[in-house]
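A, B and C are the chain letters, set down in written order, and residue numbers restart from 1 in every chain.
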Amino acid sequence: MSANLYEARNLVQRYNGREALNVPHLAIEQGEAVFLTGPNGCGKSTLLRLLAFLERPAAGVLRYAGGADGRKEATLLLQDPYLLHMSVFNNVVLGLKFRNQTANLRQTFECSMQAAGFDEPWKFADRGPYELSGGERQRVALASRLALRPKVLLLDEPTANVDAASARALAQAVKNCTADGITVVCSTHDPALLRAIDIREIKLGSSWDAEPAPLLCPSYPRR
Amino acid sequence: MDYLINGFSNAFYLLTHMDAATLSAIYATIASTCYAMAAALLLGVPLGFLLGHCSFPGKRAFRLVSDTLLAFPTVLIGLLVYAFITARGPLGEYGLLFTLPGMAIGQAVLALPIVISWTAQALEDLDPRCRETLLTLGANGRQLALYALWECRYAVGMVCVTAFGRVITEVGVAMMLGGNIRYSTRTMTTAIALETSKGDFAQGIALGLVLLLMAFMVNLALAFFKRRGRA
Amino acid sequence: MFRFSRFLLLACAAGYMVCAAPVLAADTLMMATTTSTQDSGLLEYLEPAFKQETGIELKWVAVGTGKALEIAKNCDADVLLVHAPSAELEFVKAGHGVDRRQVMYNDFVIVGPAADPAGVKGQTTAGALKRILDTGAGFVSRGDQSGTHKAEQKLWQQSNITPDKNPKYFSAGQGMISTLNMAAEKQAYALTDRGTWITFADKMGDKNPLAIVVEGDKALFNQYSVITVNPAQCPKVNPALAKKFEDWWVAPATQQKIAGYALKGKQLFFPNADK
């Protein structure tokens, strides 16, 4: 048995009958950090959603070596993140409330926000979602994931629609996660992000690449 | 034309002197409406939530029925409820006909389709990312349901206010089921109907103005919810 | 988050207490009566005395006689005060009501355009009705199975006329005031009880387009009676309270009060309990 946290064979996902993802083989080790790259529509988001256990594959096997409920251990940062209609503080500690881990909410809030690149977390604590810029929203969403101390952090194009400062903060946060032993899978187009962090790259959609197991991808748009 | 002018001056008189009959009518209106709304919300919001949030076989059929009931003629509602609560009817032993609770039952039936269908719609209109976010943060079924509903709270608030406005202005059902008994089930709307049938248009207009005032306040609340919903 | 649901709960509780709290008064009696007794103001005038002298809280629904009898048949009322003698007798005969006692009468009048285009002033009822239709002057009927409507139908019957197919016979399906308004608009004739007429005339003042054309005919006599809903059929009826109710209405003191009731200075109802 390898130390693979995720192992997928012949993973297929379909939406409305159309194939959105087709992966013959994929393996991610525990504590590893990988980039998912590839052209638009080749299934990066789909794969992330499967890894986050938000969906079940149409066919194939996805083995997860972690605990029983993968969804509680793997968390996904959506490409266009959603913050609930509540204060930043409540958004960040929401996941902890779900797990009944309400012991040190204030402390956890502060740490997570700082990890997400906020130097003065308490300035933002009472703001509502509409009082934040796009980049700030992205980072608050990241903070809410970090607060969970997840085993796996999945990120869908985290720097896609944010300003440069937020992008840098996000890149740093991801680096710190990898240092903490969190398994990170991050899909991206952003060359700056790719340069900032030196980790394995899984390319979807290439007909040839240097990886041992090339992944194929049909060029259908998702959904 | 005179009765319009007389109506306005009567309205002013009524409101400033707090005439006993008017007060009793206002009280009856508010009491039965609140009772009806409470019942409609307690039943309707959970049902609407299930219809909007969950998937189950026959869901679309249920939703179709609920949406169609939105067009249910109010007089038919009155007749059906009447048949149930009359002394000879299945619920006769409770003596509900010609009482405020009986009237409230009819009003609740009136409000129920609005609450169910629009709550379902509010949940369906909820951003799908909300659901995904809650799930990925580790929410279980119950937490997902509660927080999704909380997230729609302004839309649901609007539903309540809309249903409230509908109920408070209803005449037919109130007349049929309440009997327009003075100091008991005479509401603003049935009082207006009575005054006009007696030919006292001025009084009818006066009461109508008071009712308009109440409807205005309801709409003020609606505007508040709309604004907060956008924030 | 749950502050709102707590508020909702409080609102429900308040609403429930407010609506379903038992009335503090002692006994209640539900009466089904007609719009004329309510609209004339007689009931509001008598009710305080009733409450004081019998200790019973009287609640009433004022609907058309037809509906009042239906309500009584369905056991939704305890007693009746209506004015449709033939329908009442049938009602009692069928076993729905007991102890019918006459209490007072008023009368109907035929009203029409002040200029009286059909020339029926001073005629008998039968003659007048025939002339109204013959001259095509127009007649507006209540058309709602009320006591007035039933009386009107009887009058047509007595004159051997079926007015329904006549294009100038308008079945309004509404209350008395609305019917009179319609007659005024259409410059037509109508049958009305005197009480509503007095109210209508008072409201119209000098601008009243209608006037009384036929009155005093015995056929226009309008008898009011009280009936107790049969306790054998409707167990909820309290016979003791109902008897108190009926006794009160025929008592001399009450009868005097009835005679003393004046609408706009004119006596409206004539007590005849002992006759």
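Note that in this section a contact is a pair of C-beta atoms (placed from the backbone, for glycine too) under 8 Å apart; a residue touches a chain by one contact, two chains touch by 3 or more.
Nothing here was measured: the structure is a model prediction, and the numbers come from that model.
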Chain-chain pair with the highest tally of contacting C-beta pairs: B-C
Most widely separated chain from chain B, with each centre as the mean of CA atoms: A
Chain centroid nearest the full-protein CA centroid: B
Separation of mean Cα positions, chain C and chain A [Å, integer]: 78
Between chain B and chain A, distance of the C-alpha-averaged centres to the nearest whole Å: 46
Inter-centroid spacing, chain C versus chain B (mean Cα positions, whole Å): 32
Multi-chain contact residues (two or more partners), chain B: 153
Chain A, residues touching no fewer than two other chains: none
Sites on chain B touched by chain A in the complex: 127, 129-130, 132-140, 143, 147, 151, 153-154, 231
Chain A to chain B touching residues, read off their complex: 52, 54, 71-72, 75-76, 78, 80-85, 94-95, 98-99, 128, 130, 141, 144-145, 148
Residue ranges of chain C in contact with chain B within the complex: 1, 4, 8, 11-12, 14-16, 18-20, 30, 35, 39, 44, 59-63, 74-76, 174-175, 177-178, 181, 199-200, 203, 234, 236
Chain C partner contacts - residues on chain B that touch it in the complex: 31-32, 34-35, 37-39, 41-42, 86-89, 92, 95, 97-101, 104, 150, 153, 179-182, 184, 197-200
